[in-house]
Amino acid sequence: MMSSATLIRRAAPVLACIGLLAVWQVASLALKNDSFPTAIDAIRAIPDILGDKESLINILASLRRMAIGFGVAVLVSIPLGLLMGRSRSVAAFFNPLLMVIYPVPKAALMPIIMLWLGVGDVTKTLVIFLGVSLPVIYHSFEGAKAVEEKMLWSGAAMGLSPARRLVRIVLPAALPEILTGCRTGLVLALITMITSEMIARQSGAGNILFNALDMGQYDTVFAMIIIVGAMGICLDAIFERVRARLVRWSEPQFDMPLSFS
Amino acid sequence: MTRLLSANVFLGIAPIVLVIALWQGLVSFGFAPAVLLPPPGFVFSRLLQQLVTWTFQQEIAATLIRLFAGFAIAVVLGVSIGIAAAANPAINAVVRPIVRVLAPLPKVALYPALLLLLGFGHGSKITLVAADALFPILLSTYYGASTVEQKLIWSAMAAGTPRYEILFKVVLPAAMPSILTGCRIGLVISCIVVFLAEMITSTDGLGHALVTAARTFQAVDMFVPLITISLLGLILNGLLGALRSYLLRGFPEA
Amino acid sequence: QQTIRVGWTIPAEESKYWMMRRPAEFPSIGKTYNIEWTQFQGTAPMTQALAAGALDCATQAPLSLANGVVGGNLKAYIVAQHVFEKPGGFSVYWAVMDDSPIKTIADLKGKTVGISVIGGGTQGPFNLLLKQNGVDPTKDIKLVEVGFAVSEDALRQGRVDAVNMNQPFAARAEAKGGTRKLFSLSQAMPNIVHILEACRADFVDKNPELVKTYVRDITSGMKKALANREETLKVVNEVLKAPLPVLETYLLKDNDFGRDPGAAPNFPAIQKMLDIYAETGMLPKLDVAQFKHPTIVAPLQ
Amino acid sequence: MTVVPARSSEWVRPVRSQEPASAIIEIDRVSQVFQTSARKDHVALSDISLTIEEGAFVSILGPSGCGKSTLLYIVGGFVSPTSGSAKIKGHAITRPGPDRGPVFQEFALFPWKTVLGNVMYGPRQQGVRAAEAEAQSLALIEMVGLKGYESFYPKELSGGMKQRVALARTLAYHPEVLLMDEPFGALDAHTRTRLQNDLLNIWERDRKTVLFVTHSVDEAVFLSDKVVMMSKSPGRIREVIDIDLPRPRRRNELLLDPRYQKYIVDIERMFDESDEAGQAS
Amino acid sequence: MTVVPARSSEWVRPVRSQEPASAIIEIDRVSQVFQTSARKDHVALSDISLTIEEGAFVSILGPSGCGKSTLLYIVGGFVSPTSGSAKIKGHAITRPGPDRGPVFQEFALFPWKTVLGNVMYGPRQQGVRAAEAEAQSLALIEMVGLKGYESFYPKELSGGMKQRVALARTLAYHPEVLLMDEPFGALDAHTRTRLQNDLLNIWERDRKTVLFVTHSVDEAVFLSDKVVMMSKSPGRIREVIDIDLPRPRRRNELLLDPRYQKYIVDIERMFDESDEAGQAS
């Protein structure tokens, strides 16, 4: 037996997707604009892409880069962010540096990056890495800053070294915030996975998309957008599961988000 | 206190100086040809020259307008949607899946469509900036707002605060640390995207200056906008940091 | 076995598309040497990639290549040519709506005009034509960058008053109707060379045999492309993902660009273009001879 | 263990018995079951019935974890009980309202507001003009002994100071019913005595109803008209005791009053018994 | 107001006076000044000197906000004093260490760990094997009366239950010195008495040193060898009183002991005086 509330909750994502597509369909019909095809046209183009072996290889190649970029970024950013959060000097050291580096559009640095790293996987993975690391670093940073001091004191009194305190106390205590960063990072990973292939393309999902864009094949462009959106939903769903597992202890105790209903 | 402050400033400048030194090193020891990577000295002196020229100031102004407008829209939308989604289960049920679908879309791919809808002026670029900066802010706000200590809300309700006002009086300030983190990320993304938009359809702005210089291989002129956006990022973040320590002065972590 | 890193772009490099898609048709590809293909958005990033040494050979436009030489210390040889504007064939043109009040180039004054790439290869002849008709390209018009793919839409939506058209988009727009040609580049000069193949000089000097083989393959690729239109359509369709019916309307027909049967670069035409660029102030004066390798140049058998 | 339904105890307020006492809060067979993270059901309250007359001062005593706070949350309208119903003035309690002012065990001060800002929050919500609200709040802050700390943020206060701010914050908006969860728990004996007196004064003056959780038996006896004794696992009402001592009460006088001492001893003994029973089981 | 430097009070432990008592903690003219957000200096502790002998049970009594917690933080090595020095066994205290176990007023449990996880945390850090740590922890959890709640997360506990977990967590890793900040403040009289006895037993058995902040005068007298009375604004030591009562102490016996009552009355009177002085000023 499913209560009607759960039924609605389960159905909501589907309804929302259908709603989005409907809005899109209506908007595109109203605008009558070649570069904005109807939802139906775009959906029709999906089987062509997914049926093509080469396209699938392309998409998988992109996903692989994304996975590597995301993984490395998370592994590097969390410790850095936590260190920055717990040590004023580390924060003072890195903060301005990051703020100088991050706003520079990677696309503009392509020539120099190409010079050292070529045009292959390394460059693109680096771009994904930079995209993901931004939110992860800053959420870890703020999360670590907000850890209740007395918890750390308790740890210190148990004889934990600063390094172990970082791992055994700051990390779990800041985990909800860190995961928020990872969630944003996941979103940015997908975006940068595509955009990293805008200028120099070898094989990848972005390659398909931007080629279609250059050729004015808008139904393919939007079909790719749908595919990326679908990937987003899947990755997000997986992520939410992991999150729910990791931070069950932090969930609000009383049912509704703000007990508002 | 002031000693501590200046020590921190020194710590902050040190790595930037190091980066510039590394840059100089790369040029001097021939790891990169000067046509791709001009020596920093040239770039900075050109920057100073440019900064006083009217045309360059106009480019900066164009970029800044787009940056601020886009970022401001993203903040307003992101914070309000995020809080609404955390507060109301009905809105939550609608917003969550939509965010899941829309957030990871590469917005650049929509740029051509935006151009046709909104033209080549500010409109399309501001929209692109807002669209890209929106989701980090929205997600942070949502998570921040949905983990607000329940008893704070209870206290306010018991004091007779109407429901919708609780959003402004309790949820918003209590989620402020998280919101500001989202804003910081959104701001950086805004910087990147405004540039990207100006590079793709280059009419004016710093991105345009960069692209024209890049096409004609004027490396020094190409780096001037890059350094400018870097400095802008640094300055804007400094301002955001100051705002943050003001807004969060009551919070333990501030 | 050596590898050559090649940059390419879309939409008009049929001989390279053949090499990519039908390597078995070429005796040496994959056997005596390998090609590492990287696609770029436009020729300018490829110039940067060449200058950075990230590519060995790449598709270039005369202007981007010249820019690389002047500003980027690039030394390169033009080894082949892909497409040019043959008399009577397709020439990049600026279109306006049928009912537009703009009848002559002079009418463009005060209008918004789209161009695919500001400072790109087409702008030299474009500027020249405007100047000839009393329009100052920097002051009298508002120039905006509109990629070929969206130019038709931008025009129809009224975002621009005039915009440049290129194949295959021109064919599509013409099929739909409602637009007319205002002027074309061929009015500025005939035989405009749009894209050619260039290789880094240091790479050529180090690996003359390898490049020779590569140029030989380009030559034979061009031959195959011209000889077998049916198959070429398929190849182009695979690469561009543009539907066959659209390609059918123009590809390798009279309303297409011209292709030299041996992919031979037309150095005098290129020189003329460089002169125009110099005249319009886009470049200092350049001599095309510096791009000429004594032996390695298409056609090679 | 006998559950004495409050309804049946015909209780009359000792000093202000001129008018007939009417029930302001009625709790009827309320149970609260929590689901723990380990997916087990945990019964916090079981079948609680209690009636509180208007203007009464009722204390709740009970072992740690017996559900006192939970009961207060239910009366406050913050959580709805798993079963049973709670009513205020005959209306079902569905949400919090400014008629019931809670003082939480964890204080729940707004970290972004200063001491003054926290205390002023309630009156400002009620539409009191800023100047007036400030004057009232300053008086309350002085009453709880925090004069000079108006501009401090909660993070800069000691535990007992936070508790006093929480108390002042709730008193500031004059709720009819006060729901106080160990409001003096973190205070030293002195401050505690002073605030007990202040609270009694306010109560006498404004005819408030107070539901007061405490761990101190003599505090309960000293302050209350009625003491509710709870027992644990699951939380039940064990006994409801009317405290029949004259008002106004002075501590010095009461200390010499044998009835006062007897109440204390009786209640302590009752807990002893339950404790032994609990340990035996 | 007289500050009695601890050094001068030649204090001898009443029951275990066989060996000469040696100072384990020496606090020498410690002051603590906080900068508030309003950029004002706030003196929390002023010129505190105190010596604590090894194995002593020392209670700190004082009005809310007088700096008791701050003093504990300094001894714990969590904050360093603005001036003055604190030493443990002759070495300056610069950092926290497993020799000093704090029980914080705010509990500071690890929210991501269950009750068992919290209690086991210390022993596991000290390298105790998992099975052994678990057995010890379960015993402690039972001692503090939380059997059956091992798998609960802190957010699912009541205030008093959290406090008991915090206590168990610190006891679990056997620190030599216990720094307890109102560890029984949120407990009902019963649980409190039981835990007082348990704490005394542990103290007797393991020869720990205890620094114990409390608001209850009789708790202080019942448990301590020495009671430190503090006064407020700025926080100073007002008096140090040796409690010369025989050990082991039984509450029932003590209640009948006139000396016990006298200590309580004396201490309360001293606070009364200071309070009047405070109010007069």
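Note that the chains are named A, B, C, D and E in the order they appear, and that numbering of residues resets to 1 at the start of each chain.
Just so it is clear, contacts are C-beta pairs under 8 Å (C-beta built on N, C-alpha and C of every residue); 3 or more make two chains touch, one makes a residue touch a chain.
Since the model is a prediction, treat every value here as computed from it, not as a measurement.
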| item | value |
| --- | --- |
| Smallest number of contact steps required from chain C to reach chain E | 2 |
| Maximum centroid distance from chain E, chain identifier (CA atoms) | C |
| Inter-chain centre distance, chain B versus chain D - centres from mean C-alpha coordinates, in Å | 49 |
| Distance between chain centroids, defined by C-alpha means - chain D, chain E (Å) | 28 |
| Per-residue overlap in chain B, given as positions that touch at least 2 other chains | 36, 112, 116, 150, 154, 214, 249-252 |
| Of all residues in chain C, the ones touching two or more other chains | 48, 51-52, 147, 149-150, 153, 157 |
| Numbers and ranges of chain A residues touching at least 2 other chains | 33, 35, 111-112, 115, 148-149, 198, 210, 213, 248-250, 253-254, 259 |
| Complex contacts: residues of chain D adjacent to chain E | 34, 36-38, 42, 61-65, 67-69, 105-106, 145, 151-153, 156-161, 163-164, 182, 185-192, 215-217, 268, 271-272, 275 |
| Partner chain C, residues of chain B touching it in the complex | 33, 35-36, 112, 115-116, 119-120, 200-203, 211-212, 214-219 |
| Sites on chain D touched by chain B in the complex | 76, 78, 95-98, 100-102, 104, 106, 108, 110-114, 121-122, 125-126, 153-155, 169-170, 173, 175 |
| Of chain B, residues touching chain A in the complex | 7-9, 11-16, 19, 31-32, 36-37, 86-89, 92-94, 96-98, 100-110, 112-113, 116-117, 132, 135-136, 139-140, 143-148, 150, 153-154, 163, 166, 171, 177-178, 180-182, 184-185, 188-189, 191-192, 195-196, 199, 207, 210, 214, 222, 225-226, 229-234, 237-238, 251-253 |
| In the complex, chain A residues that touch chain E | 148-151, 153-160, 164, 169, 172-173, 175, 247-250, 253 |
